[in-house]
């Protein structure tokens, strides 16, 4: 019975340049809600209902309008979203803060959001780009690589990450031969790959999206023989990558958020059972975003954002029992019993400082066309 | 005075406006006043953009498909006028960047002068190319290091020069000026192109403007987005924290959160409405006078108009600049409302094509048509999403749960947004090809 | 008296949903005859021609060709039935070459068109000279020649000409009238509108004076020429 | 009034105007005749600034006007009509006339906003003037019709009407007569004569109707192949062998037989 | 000597071959746009999505074939599926014409009305394609990917640098050349082709010449459907198929058609190459090539890049502007309405 259910907004870019990422992300968020509902809901039987809203990624004002509708008309108690930093910033400033609604973005990684005026209402399960820059730099150094080219997707995610990486890498003594942007969803990447190849480097760091310009760059680089080893940050690491380049990227490596807690694997299996690709970028983070909101409500004993915004950090972090995907029922029970949880989830969230993921990473490589996990950091 | 504002309005037009008003009010009851007021504000801005396009296309037949670029320039103005300067960045390279830009401008000016002064010959070609080339390298030599220094200043949150920290409303006319400046440059070179050639030229230029906004981080943080554009209204949250406000509205029986968000929106609405009314008055006056007649003549037949003593080039330039300035102003208003400049969101689909749809569906050549189109299409643009989802739920309601088709249909609901938009556009166009309020 | 070969019989009609321009207007032409329509500007001469050719709603009356009612046929169907038409304005394909214009005239023919084309070139030598030039680049009179040439290419049984001599030089005009007479002698019916009315009526078997969409005078060409009232009001004295 | 010196206008390799030189005396009504394609219209277009000359020089009242744009020439008092009517088709007939006068106050944006009253007065005067011209052209019943809906001849009349809206110095008429009813053409001829006498307009008239030329024109210039072939009174021209061969011809061969 | 050759091969591998292939891809798309402009007289904004639709159908059929084990030897199976895709697209565009454009033809609407109507069609197709195949990247390539790969080339020649030619690149270029030649011949030499041009020039007069306008329109759409599907499939084979990218393709395609001169098939080809080459060439850093060509002492330190790739689109559009400033209706004198 949906009546009296708690509504959660799922505001992602269902249409627009990143539309192909959105379904798996929404799938994640709804999977979490389904799991809680199956467990009998929170707060003594309150069920959850997802309300989708298109944040488009190309129109901050439309995103605002849509969020406005979610909040004031549908009366959602929290928002999982938005997807792109631009829309996220607009919704946060124009809707979430004035109306006092909690927002947990699974994918807005812009460091700028760290300092945004948020009244403690904004969280994200994706780590800020700054952290990942250091991780990449370390992994490359361990592989003895000192000379790389970087191609990033020309948005706040790509640019922020590329900048963060470049400063970290150069501080560690490495050389970035070229740090050039590519636009997503364009027809042709020969010019970009031509420039990257001319600049040279042992490895090409592709700070893009796997189902978009990132793969386009890799494809063109492989075909022309410009590079044969790549480094893949979180926007690229997924099963899809292996399918896109069967056997062609052996020896390439990368990392995405995750821990040895096995959460990622558990989530993947759940997603597969649910009929979508759990390895698609930011899908796991979306599951976690929804889960965090719901657990925070349970912990606060209230679905009012003003109350649960303060418990969100608590459920995400130690102390308490570590919670993995599929264990939401258990977590609710613990909270009900007055215990504490340390939600780790599918992407090993650890919220730090101003409410963003601290960033545990799972290091991977490709062998015989398969994605292989080689370690955690 | 008021009479000429509404000149040419018929009862049918009023009914159409009433219909759109009902759409909005109805939405308010089904959804909420907050949603609707937010939509109204954006519709007002869209209507202003549509007015600008209508001036160019409807009055003069200039096919400007670069609306997005002018809107973005207006947005840039909002940032440059209103945000506080980044002191550190300014002292690191502000002056040098300005010098570099002046050098660049001087180069172009020199090239233009040389082109004009020298007799047509191969030497002229080489001389101009030489000037441009040398100028380009000098420019880069001064510019690049300064930019590097500016962008190095705390790149994660600033890394740009910042603005003048003036009241943001000033940026509206300034946005108009920015756009007008760009329009002047474009107009001087590209306006002699005809129809679709002009269209693609403007489209190209708008893409170039966006490319600059995306890549010149020192200017407005590029794709990292410039946030924190101050609002001309008190923030809703401040109102909520203001005891006297809370007291007053609670006394009237309103919930403080709703009351505060609504009053902020009403404040914006008043500002935008004032701009729109002023613009309509100006354009109506111009259109219903010999000036308007002359523009129509030029649109009809340029050769004859010029034989009848009308300076076609000059008039085209005039209207192109004015129309673009209006779009620029709307762009500044938009960024003011959003509170941030996000270059990545400037997509032709939204800021060029959608505006065009507004103009054509409303009725090109008619100012009121543009306003109607602006409101109607914006409503659709936002509301087709729930309509699409609702339709899909209706369609699938009879199907067995868990069937493949049902899942697929529901999954596709988001795309019904575009589909519905298209269908409605086609239907409107079908039943009134000259627009809902045609030119008279 | 049997009915003429082509007749627009008591036609009334106008453009779109506008008022009637023609009021019970009748024009007709028999095999091998030349019929000329004259009248003041805006009298409805062109409208009558368009009505006969099906480019306008005939709200009352009928158009018959060889006894068959063709009121409802589309223009291209009438072309197939052997009717040819040169409109008053927009009567050439400006972006196509002169030769292609002529070829288009023969679009529905499946026999060899080379000979007809040679005849047209013989009639209008300047066209041969300019055959590979875009017709839009021609002078006013040359365009007119292309337009007539295009219609001749159809080898019609009825040829309808709306002011074929407007803007052509006297020498070409004489040639054109000569040619029209020749064409008529081969059994083709000619229905034309003319403002060079005196020359036209001189060669006409039948003349119509239209005024405000109505038949004002109808007689043989000679008789109309001789009528002082007609001369003064419509033929310029 | 107008002196054309050794004017050339080429299209690719084709010489449409090929070294034409002529003088148009102030106050005259000059007829310009010549075979189709002789370059008459092209010559007009070059003088009126629609086409740039390949070479050569045009002066008006001693001032060089070669290559000036049409709208500037208009303000110097040079008007022209088009052989293929260039009406403003979506505007009414009346508006077609009212838009003509140059430097209207109401064409400045500023004034449309802050000087309504004056503009309205100007408009009333213009309207009266336009109606007068329409009356003269016998098309006043069409004043509110869209110009695009006029008949071929009516459009030509409108072309002529436009030149009557302002005080011109020199008017170039490109085949005003083609497609115009001969009775009306006579009236037009009278009007031209009157404008010429009373207001001192200079006219240059391209026409293929010799009666019309004979009635109003002196002198007559005959062009052929881009050059001036002959010049003189109509009688002289009519007697010129070359003109007869190239242009006038000798009448209908089949005329008698056809009767 | 070997150095000079190596430099040349680098240039070929990173500039000449990709730009040529990309140019041919753009040209095929531009041909469709230019044909509609030339004959039906409007800029069809739905063209990108028409390509997407045709490709989506072809992809589905290809998967079907692959599942049935049907293959086309070393060539991609998609080529076998192509005719079915074309047929489906033909039905779609002809249907669209019936439902949408025919009405405006009767009304004699202004070109901009068609343009806006095509925006409406674009929105609808946008939704339709995503409904059929979703938003994701789809791969349907099989057969031999390379005519010659970098590794094979190096092994064959013993040079330090290699070059790759993909099968699809070769097919695209060949198809583009054949299609433009065929189209040129068709429009300028055949009766039907000429009647199509006549129709576009002067509809009324075409009627008076006995040309059946509906037929002309039908042929046009059929050709456009074939062109759009072929272009879309070849593009998808070479890169990948994703609906949003096809929508985005519209911009360079239009740019190509315009640079070449709208309505002119030869122009479409020329335009495609101009756009492609300017994008790739002007932003290409000459460092590596010069490294081979220059004496050791003069080898460049920097990238020797005229403009960064960030401004790739700015470059192609600037070229477009410059071309238009000197030739306002494109390289090959196109139409303007």
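First chain written, first letter: the chains are A, B, C, D and E, and each begins at residue 1.
Just so it is clear, a residue touches a chain if its C-beta (ideal position, glycine included) is under 8 Å from a C-beta of that chain, and two chains touch if they have at least 3 such contacts.
None of the values given here were measured: they were computed from a predicted structure.
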Self-check item: Reaching subunit E from subunit C through chains that touch each other, fewest steps
Solution: 1
Quiz item: Which number of steps is the smallest that gets you from subunit A over to subunit D via touching chains?
Solution: 2
Quiz item: Centre-to-centre on C-alpha atoms, which chain is most distant from subunit B?
Solution: C
Quiz item: Where the CA atoms of subunit A average out and where those of subunit E average out, how many Å apart are those spots?
Solution: 35
Quiz item: Any idea how many Å lie between the Cα centroids of subunit A and subunit C?
Solution: 76
Quiz prompt | Where subunit A and subunit B are represented by their mean Cα positions, the distance between them in whole Å | solution = 32
Exercise. Measure off the straight-line distance from the CA centroid of subunit B to the CA centroid of subunit D, and report it in whole Å.
Key: 46
Self-check item: Shared interface positions of subunit B, touching two or more other chains
Solution: 214-215, 415, 417-418
Exercise. Among the residues of subunit C, pick out those that touch two or more other chains and give their numbers.
Key: none
Quiz item: At which residue positions does subunit D touch at least two other chains?
Solution: none
Self-check item: Which chain pairs touch, all of them
Solution: A-B, A-E, B-D, B-E, C-D, C-E
Quiz item: Which bits of subunit C are touching subunit D when the two form their complex?
Solution: 15, 34, 39-43, 45-47, 88-89, 126, 137-142, 144-145, 163, 166-175, 177-178, 181-182, 195-199, 202-203, 222, 232-237
Exercise. Write out the stretch or stretches of subunit E touching subunit A in their complex.
Key: 13-15, 18-19, 22, 25-26, 130, 134-137, 139, 145-146, 149-151, 162-164, 166, 235, 239-240, 242, 244-245, 248-249, 252, 276, 279-280, 283-289, 303, 305, 308-310, 312-313
Quiz item: Where on subunit D does subunit C make contact in their complex?
Solution: 11, 33-38, 40-42, 83-84, 138-139, 142, 149-154, 156-157, 175, 178-186, 208-211, 246-255, 257-259
Quiz item: For the complex, which residues does subunit E have touching subunit B?
Solution: 37, 43, 45, 100, 103-104, 107, 109, 111-113, 116-117, 119-128, 130-131, 135, 251, 254-255, 258, 262, 308, 310-311, 313-314, 317-318, 320-321, 324-325, 328-330, 334, 336-337
Quiz item: Quick one: in the complex, what on subunit C touches subunit E?
Solution: 53, 55, 74-76, 79-80, 84-85, 87, 90-96, 100, 103-105, 107-108, 150, 154
